[in-house]
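Presented below are the structures under discussion, each in the form of structure tokens.
In the two complexes that follow, subunit A is the common piece, with subunit B as its partner first and subunit C second.
What follows is the complex of A and B.
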């Protein structure tokens, strides 16, 4: 991780002694909050700190975690991907539809289509130089339209046939404790973490997000790197969609609208800066878990409606972003 | 570079610039022409009235969006603010239609002011602030009014479906808003400032312009205009439906603004183009529906239009 920390402080940061503490907060603040929340909930709520409940929380947020992983790369390049929510829903519907032709088809089709939408995002943003948010906002609508046309305007819900190989895998548990979706998430995050912090490609991602023009002058393949991160984000949305379809046993058409905000929240909570050039994959995982735990607590305490949860997650996001802007503003600027 | 290729490039830039400024009118003319020829019953007073009534909320929301985009920002929360205002109309209807409408407008302005404060004072990116407001705002609207609630009020019904001098009230209100925004942009200091802030925020700050106050005002105005659209829609539907009021209107509004020639990077605002852009978006959807194409086609067509519009608009954005 040393490669990550090296590029963080701006010029002159050594002059201020406050920076290391802030840097620590920026990096591990989410982990700290997660620990506090877990301890508080463990003390205050019965049956919260059990392996069963924690596994339930973690597996339930596996989809979000995969989306957040893809989103992390995009945000580190200074971009944003608003299309992951509907792309994820599209992936789920495609997976459920294709499951009649076997698990391999159910895996391949969503990855191909969602990856293609990600690639389209990437090409439009990197080659045609369109603004990321408007491009992905448009493809968000496009992916939704595609999903509706696949599912007969949302009137057909495709069911996953009983006894599909992937179904038993998705619902299975390693040693009877750790659900396989969680395991998949952990594996993907380790791969993602290595790709971002230990490879030349990861260095390119940071360089593009830090200063695109300097990166280009240094010979970083800017357009290719940007295209790649949006494609990865699309693939992640497809993978999460497959997982969701086999988890629920059907391709639910309304699931996933608005999940892009949660993915962005998780990434930001995890310490990745929206302005790009700084961030890490492990933080996004902590961010997802924090969101999931808070949601679980809200559910346990009182049967509050999902609308109320939306209010909480919106406000929470703003609070985190405000805190971050204070932390990063106190960091000296170039 | 040879003289010929330079000339070719100048020509191309000129063509692109012309397309950015006037393409939207060509688009509106083309889609009207298409409908006149291919859509039975398009040329009728009744249909014009229907189209105008349906375009009115998009126009009003797009006006606010144009101002925000001119400052180099964005407001994704306009649809949620519409839902909030719809919820408050229903909540305060007991105090009379006027009070409920005023409260709804106030709530919209407050939501916009919250956006504006966080964007202007804390310096957080507009996209993330308004994204949070988009989720939290609609969530709050649904907490307050969990499901569709019918609104039975003669005054509101008259506002939603009545007309004066043959023109529906909501169209009058939209026209009034257009005039107001035109006045603000063309004749007031505020109008100059918002364009200056969008053009170069640092330069605006250095030359002593009240950048933060301008931004705050712009987002507040955008929220208030979204609330006007929310009241219009509520009055027309005679129901407050926080689940679907203003859903995805931010996309239509942003597209209308961009198609209308206001660059996403800010520093420029075209009010008439925005109005034409909003009408174009409405006609596009209406045409697809009239020709019995399913909603999924509408969304994919909108995707294509947005990407094409942003593609045409992109060059100037970089200058």
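What follows is the complex of A and C.
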């Protein structure tokens, strides 16, 4: 019996046993950097490594984390969702408006509308085969227009009534330490992580991103999978909008502009490939936290404006993408 | 020609498939019997791929009937066909390189534990399943890390472990090494033993005769012959495929290369000295005189493609010199090589050659643009002249210069590429597998063209896995192994036997020799495909 045993050309490209180093770096590189940054800031800055500050950082970026979660699925299929930013703003305004009719309405309306916009994205991309970039750019503008019409071109700011159940929940803390928004984020990420890595649906998401044609030939329901990820992304945007409305106590119309790009950055920093087929939910969480921690540090250091954060994030993104391309180039090609 | 072998697993009657402007299948019958390997042959464009795609639900059919186990059947999607027991391994291994080997193997039917994927079990079962195919790898690694041969085996294991009744293989050996082909044939033997019907599509006739029981010959969308393969003469098979007279085929030979070329004396057209690139080339030297066709022999991975790429400036060298007509190539990179008169026809014409969305005209003129323009402006008239010259000279079959290249057959695409490089008026032409994956008729034409080009005084480097092609086409053959020259055959000593011998000798490593110590006349270490 002849055998086809793998011979990897070239020495040094791989540790002799187990997972190759390059793969570990790609998977956990962001976590490594986060740890280093946390330690360095803890040593260098007073009051940084306190439960209060860390909770503040984490809760403050909860909405970004939820957007990044939805974005992760989309990017793993090889797509992109530019509509989440305005969709998120629309969700916030709708939640604040609907809060006068009770918490259930404030929850249901944004999820329904934002989910529908996501579904529309999915159908246009998967069935009508439009490019994700253009499709979500169009729905981004559409959602923006919808939000302006709801808020009288931004002149009306709906306020959440005092004493709403969701307001106290959003501002509450488990054991007086962990804010409930952070808890919600963690629960959503665990569910998302299991869905992506441990279910057949998740395998389909990877397969579609790996090679759409191959996936179709292997029997993967490509159109259904793509429709699903954009819907999930829309739902995430809606949920994040609700969270933000009750966090701020009002539907702020300008909040959310350009946040889709932050979500994309966080996902990419977390190790997910923009080309699709490779990525993980936990990485996106780490990516979000890394961006938030950097912002917190910059805010803490006197003399640096918060605008500086964008510069650091930009530089960081380039470094990550550069490292990724280096890592994938070092992949042994047989 | 119905035979009495019981009920076929799959029976197709009068299949019709129309594409805009063409009838790809014009009423094709096909019977697949359990435990038999059925060869599907025909030139490119004869309808083989369309037939497979209609059978497996990729395309819908416009007419005809399909029966599975005597019951009417029809599949709307590939997934439906898979569930019904029709497994297909498509021509380009269609798996997902970024996903792990195990995930590729189990995609769509992962073992579950309370609804969630049971990874330990999946990995265990994947390793077991692949072991049966002689593939021993870490199944958690991405598929992309595996060699093409091992990937093909994964595709096969995937198809077969889905409780397949029919396994369809579209050109399974086109990217395999001889050793891997051998393993594949063993696996096909086992499938046959388990009563699975196998459809085997290949351009390599030797393989067909080695592994197939029955044959169906397609030509222009018709099944022109169907029956057992054993009684069918090879010459008659070729004649059926080409729709030509048998005596005509016999006269022309199996390949259309002429004999030796008139090799001019004087300075070599190409001199390459001590080409060295880490892990790939170890001091390869060769020269080609004007009018000479030099073959590069060796197994997959021996450095043939790398040598061609190094000469063409597409591989960074640590050491080595390349000269054209005695003048060293100045500068690095492909642009310098092209300027010096070196043209490379790459192996992977889909990814490295043609631009599918552009027209024949644009594809041909692409590389020659600088030559065809003045002050940066392209002269349309000169482009037209060059394009029509080469379309005529290379006998490119297209509706006109404006037809998109993606609509042409594989052979004509290859000719378009050849035209692109010839438009540069090169002194040296490097051909990497110029006839791979193109049909018999086009193959013959490309081979004839190579001859003509050599007669015109070009120096040609020919890389081919087809030994017959190498032996008949080349005046000299340089044999490579592990990135170094291990032998050279020239003149009358260029025979298939000698070439096999040279490759085998070069391949024999001490480890392998120990194993074959066993007895007198032990088999050669590597079974070189012929």
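Heads up, the rule we're going with is that the second predicted complex is superposed on the first by the 307 of 334 C-alpha atoms of A that agree within 3 Å, B and C clash if a C-alpha of one lies under 4 Å from a C-alpha of the other, contacts with A are read in each partner's own complex, and residues count from 1 in each chain.
Operating definition for what follows: a residue touches a chain if its C-beta (ideal position, glycine included) is under 8 Å from a C-beta of that chain, and two chains touch if they have at least 3 such contacts.
Bear in mind the structure is a predicted one, so any value in this text is a computation, not a measurement.
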Subunit B versus subunit C as contact partner of A:100, first or second or both or neither: neither
A:138 touches, of subunit B and subunit C: first, second, both or neither? first
First, second, both or neither for A:299, with subunit B first and subunit C second: neither
First (subunit B), second (subunit C), both or neither touched by A:50: neither
Which superposed partner A:198 touches (first subunit B, second subunit C, both, neither): second
Partner chain(s) touched by A:168 [first = subunit B, second = subunit C, both, neither]: neither
Complex interface listing, subunit A residues touching subunit B: 80, 124, 128-131, 133-135, 137-139, 141-142, 144-149, 153, 258, 261, 264, 268, 274-275, 305, 307-311, 313-315, 317-318, 321-322, 325, 329
Residues on subunit C engaged by subunit A in the complex (per definition of touch): 58, 77-79, 82-83, 88, 90, 94-99, 103, 107-108, 110, 112, 115-117, 119, 133-137, 140-142, 144-150, 153, 158, 179-180, 182-183, 186, 279
Complex contact set, residues of subunit B against subunit A: 74, 118, 122-125, 127-129, 131-140, 142-143, 146, 248, 251, 254, 258, 264, 294-300, 302-304, 306-307, 310-311, 314, 317-318
In the complex with subunit C, residue positions of subunit A that touch it: 1-10, 19-20, 194, 197-200, 203-204, 206-207, 209-211, 213-221, 273, 277-278, 331-334
